[in-house]
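Just passing along the structure, written as structure tokens.
Think of it as A, B and C in the order they're written, each chain with its own count starting at 1.
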Amino acid sequence: MLAIEVNELRKQFKVQKNREGLKGALKDLFKREHTEVTAVKDISFQIPQGEICGYIGENGAGKSTTIKMLTGILVPTSGKLLVNGYVPYKDRETFVRGIGVVFGQRSQLWWDIGVIESFRLLRKVYRVSETDFKRRLDELVETLHLQELLNRPVRKLSLGQRMRCELVAALLHNPSIVFLDEPTIGLDIVVKTEIREFLKRMNREHGTTILLTTHDLQDIEALCSRVIMLDDGHIIYDGGLEELKTRWGKGREVQFQFNDPVTIAAVNGLTSGLDVRWTLENEQTAKVWLPREMNVSDVLSRVVGASLDISDIKIFETNTDEIVREIYQSGSAEAPQAAEDAIAEPDKAEAGAGSRG
Amino acid sequence: MSFTLSLFREYIANYLKTKLTYRADFWVEVLSDLLFSAVNLVFIFVVFLHTPDLMGWTEAEVVFVYGYFMLAFGVFSTFFNLWNFSERYIVKGEMDRVLTRPAHSLVQIMLENVDPPSMVGGLVGLAIMGTSWATLGLPFDWYDPIMLLVMVIGSVMIYGGLYTSLAAISFYSDAPTGIVPLMFNIQNYGRYPVQIFNKGIRFLLSWVLPFAFVGVYPASFFLDRHRDLTMSLLTPVVGVIVATIGLTIWNRGIRKYRGAGS
Amino acid sequence: MASAYLELIRIRFLMMLAYRVNYYSGIIIYAINIGAYYFLWKAIYGDADTLQGFTVAQITTYVAVSWMGRAFYFNNLDREISNDVRDGSLAVQMTRPYNYLIVKMMQGFGEGLFRFGLFMIPGMLVVSLLFPITFPSDPVRYVVFIVMLWFSFLINSQLNILTGLFAFFVENNEGMMRMKRVLVDLLSGVVLPIAFFPSWAKPVLDWLPFPAITYLPSSVFTGRLNGADVWQALLVQVVWFAVLIIPIMAMWRSARRRLFVQGG
């Protein structure tokens, strides 16, 4: 069965136009002007039960809008939408009992009192029976190591602790689909890893379907078997992560740390005849790029076999980060372009990673 | 309904736990509520320094009406603490969270903001009614407590409906915050005998913004000398109508919010 | 620097314009307020021609001009400041090259100007058509009134700043802000001219800044004060303005120390 089914989904907003200056503002007082903005442009996709799917895109690409439609907060302008067998915006109250939602930047917990009180309240709101609640809470508390935190007021929790509690709050009623909007934003690497492990485990043990938006592509690499990539309201890629890597991966890089200074001519000489490209990082460090179809060992044997002393070797796989950056650059996942362009201009994706969607 | 009631108990419990951490706040809030009422009472007292009556209404009678208002207002503010709705739920976006929960949005928001200190003002109002009752030597009939309950519920529904509609304006417009304090001023006039106003304002206070049903009309039921049976008995009816309108506007607002998005 | 402050006034003015629901409802509600008070006072007067030296015409004018004056000087600086303190944005503001308190004042003034131009003047015209209001004939009186209104704004904003800054020292100043609001409305003479207060209360109020906010300028406008009394009223306002600077400076200074030492 499909957990999420989206067909030709579209969302349009009316955005108020503010005319400039005092005169414009006075005019606005009597007559407003609006412009139509289409945030989501006829997208279609299906997510089967038990899948972890990453939903990525730059700020303003339409991610949050889609999530809001999928969770029943917003009503679509047109298109078909079926989540968990429900049309989200129609039977909102029944529908939301089967889903869990975490907005990474908004708390759903009571600020001033112990976390456990918020959980108890949510138990009532979601009409979870006392026994189910206890079992579920014990399980969650144990996996997320929250024992000591339960009686602490939320305002005294660190961001990482709070986020783990937010997860519990969203999962107490054992939803079959979970929507996570930026679940790891602002967290340190330890907590991020912990949360990823937890999500994986939940998916494995309960078969929970997870749809998450994120700017942190490591979330995607760690969790998702599938990514949907959004740009300007359109889906520009929908498929497996591995497939994305093979299609877009631009080969590998190997970095050598030599004991003595080297020149670019010298290292070029080592691999003459091979279709590779050397760059010098500093006097003693050189990097070589090799195309995907070439074996790393071909290069390694040549370099190591030479008379130079090597103190260290590192192999870099093109990471998802770069791939995604590049896809945005070209605006579509159809026709790959030269990798250099993407690496030369990294600001775009990084600017996106810093703030939220 | 029983689901809502059980939620209510849970939310109150959480409120109390919150407040126990800030005990001083509770009393400061009670105090400022009472001061607000005191200022209005001072106005009444000072006015009656200069005149023996307001179109036939004595000081004790006007104070009685004020007591009724305080009672209804206290109950109302306990449950409809929607003053910063726009700021908290629309601007800061908490509405999205509310909409992912399986309970009616208005119920959730009312419960999240439940404000028991306001009840103290209501109790003081009840006490004021009691003293004025004695001062005026009003007869006490067996049905009076029941009628008072019915009237107060009606009045609370009127306020609830009106302020719910006002809060729901935030779904349509950008910044409605300015309206509520202004409305606060207008509601004051429901506490004075409507006879003193001209036709226009009387009409306004009876049928447009029916604040007179949260003051002088229902209170007149107990003041035999001024009893306006029709108008006082209309209180619960108007209450149901206004509450229905308020809820309808709210639900439409929600639909609009979900249609427009952000 | 001055041009930056002017820009702040302009921006706030534009911001007010953007909220048109507020604007329309505001005019209507102010008119209803004045109307309701007019009838209330008529009922209080009953058959009497004058009370405490006010004729019915004078009290009507007083009520109208006081409410309209309130539209000008009223602002929410207390709430804005205490929000800034609590969410920590005040610390950020401190890093900017301007005086935070003056910035707040200017924003309040932008708001006041908006209400003065688009609220008070049209409102006054509407009200004067509906109710018997007598306007002073002497142009000097208008000028003095405007000057006094400016001081009303200053004094009221100073009180707001003081209340707002309390957020530094107490955990929750919500109650205090509410109390201040009702006290200002009662004791400044908006709902009740000071002349109507019981005789024991009047000398007490002479030592409080509140009457300087509404009662004095409105008394000048209605012609209750004449000749030298007018200038004395203005002087009282100036003195209060000057006096209130002292506690603000003191609080601001210790607030800043708190901010720097304890990090907010």
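As a working rule, a residue touches a chain if its C-beta (ideal position, glycine included) is under 8 Å from a C-beta of that chain, and two chains touch if they have at least 3 such contacts.
Everything numeric in this text was worked out from a predicted model, so none of it was measured.
Chemist: Could you compare the number of C-beta pairs in contact for B-C with that for A-C and name the larger?
Modeler: If we tally the contacting C-beta pairs, B-C comes out ahead.
Chemist: Of the chains shown, whose Cα centre falls closest to the middle of all protein Cα atoms?
Modeler: So the chain sitting closest to the middle is B.
Chemist: Go ahead and note the Å separation of the Cα centroids belonging to subunit A and subunit B.
Modeler: One centre to the other, that is 47 Å.
Chemist: Express in whole angstrom the distance between the two chain centres, defined as the mean CA positions of subunit B and subunit C.
Modeler: One centre to the other, that is 27 Å.
Chemist: Between subunit A and subunit C, what is the gap in Å from one C-alpha centre to the other?
Modeler: From the centre of subunit A to the centre of subunit C is 52 Å.
Chemist: Would you pick out the residues of subunit C that each touch at least 2 other chains?
Modeler: In subunit C, the residues touching two or more other chains are 18, 20.
Chemist: Could you list the positions in subunit B whose residues touch two or more of the other chains?
Modeler: Those would be 22, 174.
Chemist: Hunt down the residues of subunit A that sit against at least two other chains at once, touch-wise.
Modeler: Nothing qualifies.
Chemist: If we count contacts the way the header does, which residues on subunit C are in touch with subunit B in the complex?
Modeler: 18-22, 25-26, 29-30, 32-33, 35-36, 39-40, 42-46, 48, 51-52, 171-172, 174-176, 178-179, 182-183, 185-186, 191-192, 196-198
Chemist: Flag every residue of subunit A that touches subunit C in the complex, lowest number first.
Modeler: So the residues of subunit A touching subunit C come out as 18, 22, 25-26, 28-30, 32.
Chemist: For the complex, which residues does subunit B have touching subunit C?
Modeler: The contact residues of subunit B facing subunit C are 22, 24-25, 28-29, 31-33, 35-36, 39, 42-43, 46-47, 49-51, 53-55, 169, 173-179, 182-183, 185-186, 188-189, 192-193, 196-198, 200-201, 204.
Chemist: Which residues of subunit C touch subunit A once you look at their complex with the stated criterion?
Modeler: By the definition above, subunit C touches subunit A via 10, 13-14, 17-18, 20, 23.
Chemist: So in the complex, which bits of subunit A are touching subunit B?
Modeler: Those in contact with subunit B are residues 11, 13-14, 16, 39, 65, 68, 71-75, 89, 92-94, 96-97, 99, 101, 103, 106, 108, 110, 112-114, 117-118, 120-121, 124-127, 153.
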